[in-house]
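I've put the structures underneath this note.
Presented sequentially are two complexes of chain A, the first with chain B as partner and the second with chain C.
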Partner chain A sequence: MELIKDGIRIDGRKKDELRDIKIEVGVLKRADGSAYVEWGMNKVYAAVYGPRELFPRFLRRSDKAVLQCKYNMASFSVDERKRPGPDRRSVEISKVTGGALEPVVLTENFPESVINVNIEVVQAEAGTRCAGITAASVALADAGIPMKDLVPACAAGKVSGEIILDLCKEEDNFGESDLPIAMIPRTGGISLLQMDGLMTGEELEEALNLAKKGCEIIYEKQKEALRKRYKGDDHD
Partner chain B sequence: MIHVKNRDIVVPGELIATGNFHVQLGAEKDGENIYSTVVGIAYIDQEKKYIKIVPLRGKYMPRVGDPVIGVIEELALKKAILDINSAHKGILDIRDVTMNRSAEINKVFSVGDMVYSKVSDISGSVSLYAKPPYGKLHGGRLINISSTKIPRVIGKKGSMISIIKKYTECKVYVGQNGTIWVKGKNEGEDLALKAIEIIDAESHTSGLTERITKFLEEKVI
Partner chain C sequence: MTEVDLISHIERDYILNLAKKGEREDGRGFDEYRKLLLQPGIIKKAEGSCLANLGETKVLAGIKVDKGTPFPDTPDQAVMTTNAELIPLASPFFESGPPKEDSIELARVVDRGIREAPALDMPSLVIKEGELVRVVFIDLHILDSDGNLFDASNRAAVTALRTTKIPVLDEEGNPTEDLMPLPMLKTPVSCTFAKIGENILVDPSQNEEKVLDARLTVTTEDNGYICAMQKGGDSQFTVDEIMDCVKKSIKIGKEIRKTISDLIKKEGL
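== the complex of A and B ==
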């Protein structure tokens, strides 16, 4: 199978082109903050609760809030039914999502409490952890939790020997390498960096720069979505 | 230098200003630059050199001296535990309710009672105080709104709240935690709750007091 032909990818995109992204804020009324992200064929909800009381008590921290992240895929989110419940993959993604968001959330404002971030993947098409982190950071901002910055996430990868942005399902499955990152645009810091597959040093650098560019586009979309929520009404 | 307009909606991480400003709320300094940390409305005073970002949403964070309205969730031996719409529960000791030393908490309160109280201490747990003029609220109705919008419900020097009281002929108690208690005639209560809902939805717009006055005038006649 040819994944890239004359610089055009299998789904018709250019090498440095993202899939279509739509971000909505405040979609779940019961949650303190929520967001919905459609990223290509990915459909991801994020709900934030808190800060609220944490049980069991021994998990509490006297100096800061605990950020509990949970990533879950619906059993119908992929072609073949996914066995519901946490598995090795979703436990890992929950952990790295927490790690990606923790540096920006000002948890020291809420000692002895917990902030719950729930990410629910309704439909999956490669790149769900990036969509999840993107949605979760918008949902945190929507919940009114103070944070240093929003966290956009985006993947780059190597397919058929070429470095491309935002891998789709086929590219993820049959490509050589995948590199999802999450960025803190204000400082230029990176709070998530994973890779599977193999890349040379130069390729890694190239992919990293490409993924950062993708993050910047997503960052703009996040800000736009947050503003849009309150824009309908006038405010001189 | 200022990078946003006064009363603009800002998002976390947005550069507000560069230079020597005093940050009051909702922003943080990183060297010379001042960045927003919440989704809110930026208020910038160029002369007094201060920046304040009023959050549009967020949980109530207790502060000593705040009047709050809580609902009793649980009764212990000598104290009541109240839901005050915050990250922590409020604790109301019997000694902070009545002078009567032999009073028993379950004679004074029952689960579900509404209590108008004051935050007296936040070290460790959130302690409340409910001696007069604070105390149990009898009858009436409660409404919960976002705590960040309470200043708009009260208005400048209580302008908004006195308008609501005047037109609806209701008693209105406002808790800083976003809980508001109203009591009056049925129609008056309906109207007051409606007005508060409008304030909640449109708190970030200007000219709100006039609009609420107009709304209440129309309904009352």
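== the complex of A and C ==
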């Protein structure tokens, strides 16, 4: 299969082009904060509850809130029905998502409590963890949790020897490598970094820079979505 | 988590007093449903899907169709399973993990309506009797829990089933390029009532569910038969009350069935 031809990718995008991304804020009534992200074929909800009491008590921390992230995929979100409930992959993604968001959340303001972040993937097609983190940080802001910044996330990778942005399904399956990152735009820090496949040092640097560019575009979309939700408020 | 979904005394009294006056907190009449919005086909990865909004309650149903062996006692019937996930996204009081009482009851009540109607022509989904049949998975994902999950789930499930497309199989049982709808016989529609004091109201909201004394779900099918019922809650119903609920269910069932059919016709699904 030819994944890139004359600089055009299998789904018609240029090498540094993102899929279509739509972000909505405050989509779930019962959640303290929520967001919905459509990213290409991906459809992801995020809901934030808290800060609230943490049970069981031994999990509490006297110096800060515990940020509990849960990533889950609907059984019908993929071609072959997935067995409901957590598997090893989703447990790992939950953990790295926590690590991606933790640096920006002022957890020290809420000792002894928990902030729950639930990410629900209802349709999946490559890049769900990035879509999940992007949605989660917007949902945290919607919940009014004090934060230093939003956290956009985006992947870059190597496909047919070329470094490209935001891999689609075919590129993820048949490409050489995949590098999802999350960024804290104010500092330029990277709070999620995973990589699989083969890349040289130069290629990695190029991919990191490309992914950061992608994150900057998503950052604007996050802010735009929040502004749209809270337009007209005095503190706009 | 040991937290439970509590309601304050003042809110409880407010709802009880309103009911005594024939009123509800959101201004609806006792026989009035919240607005139903159905969005079929929104999950392309699933063979069928529907997002149902009943007021602020949101349920996403996804249908996956696979092949498998039939149960030994029903070799001439397809297999259908219904599963409901009360995911922590949907409420401050839902936890992840294996299904608990509430989600099992929800899935079984929705399943019973569909199975007993019957909505699906199960024998026609047999590929080779006793060996290979289609397996229909109905997965209910609760996204926002604002009361009456039973009816929202029923609407999502039946609309998803009616808009499901599965591959036609060739003689060896291999899928072809051609698609066909599921063989649907009927559209079961459930109606859930809450008994609050001496009053019975339809489509209970989140707060009404917390104060209700008893709950009754009646599922009816196209010909006006009742195909499933489920009573919940700690109190009781009189026969007159039950018959009144049944009558209302048949009437509401007709309206909802028409809404679903009109939508499917309009969208050309």
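The rule is short, and it goes like this: the second predicted complex is superposed on the first by the 231 of 236 C-alpha atoms of A that agree within 3 Å, B and C clash if a C-alpha of one lies under 4 Å from a C-alpha of the other, contacts with A are read in each partner's own complex, and residues count from 1 in each chain.
We take it that contacts are C-beta pairs under 8 Å (C-beta built on N, C-alpha and C of every residue); 3 or more make two chains touch, one makes a residue touch a chain.
These numbers come from a predicted model, not from an experiment.
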item: Which superposed partner A:231 touches (first chain B, second chain C, both, neither); value: first
item: Contacts of A:150 with chain B and chain C, given as first, second, both or neither; value: first
item: Which superposed partner A:78 touches (first chain B, second chain C, both, neither); value: second
item: Contacts of A:203 with chain B and chain C, given as first, second, both or neither; value: neither
item: Which superposed partner A:53 touches (first chain B, second chain C, both, neither); value: both
item: Which superposed partner A:171 touches (first chain B, second chain C, both, neither); value: neither
item: Touching partner for A:142 - first (chain B), second (chain C), both, neither; value: first
item: Shared chain A surface residues [contacts with chain B and with chain C]; value: 32, 52-53
item: Complex contacts: residues of chain B adjacent to chain A; value: 7, 9, 11-14, 26, 28, 30, 35, 37-39, 41, 55-59, 61, 87-89, 146, 148, 202, 204-206
item: In the complex with chain C, residue positions of chain A that touch it; value: 28-32, 41, 43, 45-47, 49, 52-53, 55, 70, 72, 74-79, 81, 84-86, 116, 118-120, 122-125
item: Touch list for chain A against partner chain B, complex; value: 32-33, 50-53, 104, 106, 109-110, 112-113, 141-150, 185-186, 222-223, 226-227, 230-231, 233-236
item: Touch list for chain C against partner chain A, complex; value: 1-3, 42-46, 49, 56, 58, 60, 62-64, 66, 83, 85, 87-92, 96-98, 137, 139, 141, 143-146, 206
